[in-house]
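Next come two complexes built around chain A: one with chain B, the other with chain C.
Our next item is the complex of A and B:
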């Protein structure tokens, strides 16, 4: 991660040096086109947290709840495009804002986070307020504040400070408001006249910087990127390439990779995941947290540290474990550091004949896509189709008769496979279950909590199956087939594009086809995929209605 | 709202703010309890303002069973089926509607969703999303002068479980923690309406005043954005106005409410998500107490509760199979004629509904109980759960809404649009509409038998 501590202090120097630029600054003057496609995106909870971390440093804690996210076309990042903020959502953001603002101005933080001291702590100090809000506003709004905005903030802080006889109460009240502002909670894409093409519009530099930064880092633009936006560098191919290359080689790329895979793999559903401790005593709340982290560490290790092939995520024997997770996996781990601290992460490599391989055999997949007490091959197969292969599974029809599944007295239907096979004999059910169950049944060696098993109700579990004509046996066999399945790489490329652009790519788009080709020629290097998307128009293009001539 | 400019209103607020905050806290004496309501118990004695009715929606998953739950008789003399036995003590205070259905009009049926979409929004749409449930129309009518426009909560742990959805901002998030809900309503910002003295909180005054800065950003943003983003921004500012109203509420002397008492603090829950039905019952009852006190204390007049999501994951202790799976996999008992384990869950939900209603009924407001002054609209996602059908829906209303609804009846409406119940409830709560719904789900007359 970037050295995020006190970005505001670092930015202060810049803000002061930019004062001449900001004098008379106004937002882009181009009028908004009447596009019907929303260009703004609501900050996700992780983006909100990362913004506060980057701007105010890690000692500001964020306690509170966020408005639930909305998943659309398989991604929260697309749902953010249409996500409004409800009345109770505003209430939640207000609670969060007040809590953050209170900490920023408290006695512990004010001397480091507010880079000036008021003449009197019991009265307004416009100069100090202006310095602080000018610096912090540029980072929070991801552009310099306008003169009018800044003047309003200074005036209101002064009124509150004088009324309460406390400079810091004024600062707190206005900072709290800024954290509640749509300028902070939404990432707006604003347009300006494109001087290179007569009569056309383009995203302004700050909007480009914001789109780029949240895509690659899941964080707001840093000072260097904001400067590039201000200078117009981001409008040139060379300038954009300089920034993209800098960003993909920064440690902060991990934030972007983690955010993308958390979204793609549906980790937001962990919020409502629970298992019965009577059946799965090792599946503790700690395991729920650590299961996500295990998968993200596996991904970061392979895709960033080793610069590996994306397809190997499904077959890699390398992962990381803690003691609670190792208990679920039923493997001994030997800790060599930290004197046995329970949440210490230890690299672990599966043995050659281990039934587990890759991220789909991890708790974060097999437990997340299972009901609380028992497995559901249909749920797992559906998740695999939708999350990994980008293949839609239609919802089950109403008025389905489950007479075969319900006939548990029949000695033939003893295992889940038996019952589902019977169910699939129903014509109206066969279509969907044919595409979900064979791959879901391959993971039946893992119980609802992710533990390994070989029998169900005393009968050996049959984990054979078929995907796209390739036959396999068991989770490792499935992993190998997935590794060579073209839909796997096409899917991650499509999702990464959508994650950045807030929309799915058009199949006929030449630039999209080029991105896919370069991903393949890089041996499916995921960081190279991100780089290609960041250099393309995906993040910066405007809907056709908006590209129309400006009168 | 007085016809003053935004600037004038801001200045006025700030003058008040400056005056009030310059060290002189305001203390307002309040009248004594015995003159709070008029002799009829239906209006405030001091102002003569009528007591507003209250409204609740209450969702349970997966219906009541096959057709076996439908009473044979209509009207007031009917026998409650086994699944509804828990409600027997309040049979005279409830209505049971049966036989209603949702029409698809060629749209696809997404199980656990489409039926509720039709019932609550009057519209079935495969692509239009879930916007504008009718409870929000009632809420907007009765919510004026309350701290919270409405409150949503669920025992399921899923913040997206309740079905209340506004036309602009969509689904309203649910509270999943009783402790968090308690803190939100009865925490440090709560002002007891029956306190002898009232002192406005100077911090709230500052917040209320400074909030105008956010509103000032609206015009500039609107100028820069396209139509779709402007609509979204408008939604945001609509939500922001409710925060402003909440702060304004906290700065006003509340009306005394004799029935209002502060509930006890719930214990912190161990985990957000629940899987055991008994745990869900316990959490439900905690929420019921908090909601009843919030209604009695004038903090809100509209609440929405969901026992679980449609695909209920609740289980019996020691059983790995959940309710939803049982509705799919459990055979119908050849003797009893229904799915026995599924019926266990259905009976449990009805016990929870009874507890919910009784928690309201145990609060006396003048000559009536809180339950008498409200309508609880209890509904589910499917008719016959085994088939996940959208026919023969059971819908239950409890309470008379301050005498606006007759109670104690079974109203069979075989094959009728279930939206007729929604129209009837809206009319009972005072919504001035004569028809509601779209396509085949549009109804132009209410169920007159139950309207007082």
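Our next item is the complex of A and C:
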């Protein structure tokens, strides 16, 4: 930073604006109760990227790493309520902000993204700065800027512009600060008095719009939604319904669905996933990226395009493949793109008697929940319990002995089932493994990388199992049992609500029970579930701390 | 005996194995893509092959080049010694050596474009006994090698020409250096070649059909950098590289009825693999990969173009040019008498692959084991 005046003003702005959100600050509770309404939620990396995309367009590239996310109660969306920003995180966000701001005002973009031209490019122009910051501030903060906020931005931009003799340097400096502001990086909830009911409080329209938009689109509110917030339309049942119906029928709903299932299925763990290339040479970096996309395409196709039954995700024969993925699955696809083109996605349907069906047979599940060189029915069973059934599995004791389960060349215990059976003979291990292993062993036809197999160390693999008293054989048998397991639909409903609200629903709440009933009566149409949650009062509940302060 | 036997005494040792058994059916077709193809080398006994050991490496070629343009041996050695890395000569000297070729009109031109206009350096050629190959019917007994595997007398004048050159002292899986460099570019850029083997029951001896094609995609690499097995490829609709050959599996070895083979390639690798009177013997490795040799006659001038067109890739291009020309052993030009073709042998590997047509028909399956055929693919 060459200009000291600018440097000082920016440093002060950053320090003051970030202070409440630094690690350990009082607004970032370390352990909130599961269903306590959060006051604020930190934007996820995908929400940050989507916000920049929506506000400044696709030609602005975002490079750099984000502050790690926290998973709480099985969801990053719940962890976001207690996610602070560390000192190194501030540096990361600062780098991102500078980079984005620099692109927005550069010669390539300024004429498109800044809606006015300064009188002089070498000096401050308060009117133009006010026009720009007023417009982008409303989108970035998801509410109109206050007069004081706007005046400060205009003044700082002018000072920097005059000091550097460059209007756009001033704009860049202030825009960079706005991108680093908690008003952008966090979704606040603001409470107001309900004018219709004496003594009652409610979220203000902008807080509602923000909750709604990130829930359904994983994106900030668009202009229409902000106008509905400003007009009070969102406070009426009809107005809210109008917006929700518009949003669930918009193509942007795919963004929300993708974000939710990426979170629910733990796809953030792909960042650290690796397989031993000596054993799984077809598991390439491309496969790691495309495995997630395969599952998300399968989900979008069934739940949005076909408006199908959520339970069919576990049994559907329909999916999409690329050439690298098809090689992992050892199936042929016909991809006719020209040589050198990026991998194309090809629709693919398994035969009725195929050993694969549904998303749990995909690489994104069986490979994600396996160690680098072997399978782990325990890891897979645990993931299935926690991600799909919302059932907690206790962590292993500290002194557990893994000598049997990790010895894949044991001459006596040739299959994973054999080794786990020996492992379970230790009483301290048996309890939890009874929960995880019977369902995890059903997926043993899939190796650590997701490839299909029928034998392990020359011995036929036994894939029989049991869930909730229902016996089955193999991954397809497990999928059919899951399809009819009530906990599966209850779990996705709970997780969808938690994704939107940043907290778990209250199980005894009448409205919540009604939402679940409507989900069932819609034949488990997932979009209808989102719609019902979006229309519920529960999504817009008041944070207890705000209620207290208003009272 | 099945379609497998020990193929080589060196790195090509394979465990006897048949094609994995497939469900009984009228006929089956296995798909592959060529994953390794280069001149077959045999460098087990360099002293016996090249007793003079006079060709040297790149430093020696550079000294020879300098002597050829008028420097004394001592001067040439000093120039090389003082060069930054023994071959990176000052530009004015390089220009002198690289343009020492002189046309009839006296014009100096590039030795790589006009190797014929450069004096033959008479590089040493192989005088040893062994080379991989096939009996192509060559009549000159003195030209014959003995194949290390089959112990038959074979024609392979290409190996005689190149086998004493440093860059060809490569043991598979390492390719001769110029081919290795070019192949690794080709793997990631140029359309690959497919092979389909069709027979009533490939786990048993019997007649088979081999179908070669060019496909539309380049080879897919796996996480270890090797060519990925079980990937899908689509056949290029052009008939140019479509070859249907007939063969037989006997005692685990697949051989073909001699035929011509044409596969369109792309520089910097060979612009084509065009073999007249092609012979093949192929075995299957335990992991399903194919390993074998292709032999026959190739146009020597088209072959050497790959080397002369890319100078400085570790081969003595001019020396090889003259050696190959001199040792060419077939198809004499009616006017000059110069043979236009030279007997040669390629070593090849192929990995299992799914081979389909652009309209969605999967013709070749990658394996017969746990293969899951599609119920529906795009285009159907």
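Note that the second predicted complex is superposed on the first by the 484 of 551 C-alpha atoms of A that agree within 3 Å, B and C clash if a C-alpha of one lies under 4 Å from a C-alpha of the other, contacts with A are read in each partner's own complex, and residues count from 1 in each chain.
Basically, contacts are C-beta pairs under 8 Å (C-beta built on N, C-alpha and C of every residue); 3 or more make two chains touch, one makes a residue touch a chain.
Note that the structure is predicted; figures quoted are calculated from it, not measured.
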Partner, of chain C and chain B, that touches more residues belonging to chain A: B
First (chain B), second (chain C), both or neither touched by A:278: both
First, second, both or neither for A:317, with chain B first and chain C second: second
Partner chain in contact with A:327 - chain B first, chain C second, else both or neither: second
First (chain B), second (chain C), both or neither touched by A:90: first
First (chain B), second (chain C), both or neither touched by A:293: neither
Contacts of A:355 with chain B and chain C, given as first, second, both or neither: second
Contacts of A:448 with chain B and chain C, given as first, second, both or neither: first
On chain A, the residue positions that both chain B and chain C contact, one per complex: 275, 278, 285
Of all residues in chain A, those that touch chain C in their complex: 275, 277-278, 280-285, 317, 323-324, 326-327, 329-336, 338-340, 346-352, 354-356, 452-454
Of all residues in chain B, those that touch chain A in their complex: 14, 17-18, 21-22, 108-111, 114, 148-149, 152, 156-160, 166, 168-173, 180, 184, 202, 206-207, 209-214, 216-217, 220-221, 223-230, 232-233, 235-236, 238-240, 242-243, 246, 270-276, 313, 315, 317-322, 325, 328-332, 386-390
In the complex with chain B, residue positions of chain A that touch it: 27-28, 31-40, 65, 67-68, 70, 82, 84-92, 94, 98, 146, 148-149, 152-153, 156, 159-160, 162-164, 169, 173-174, 176-177, 180-183, 185-186, 188, 190-191, 271-276, 278-279, 285, 371-374, 376, 395-403, 405-409, 419, 448, 546
Chain A-touching residues of chain C, taken from the complex the two chains share: 189-191, 216-218, 220-224, 226, 228-232, 234, 354, 356-358, 360, 362, 365-367, 370-379
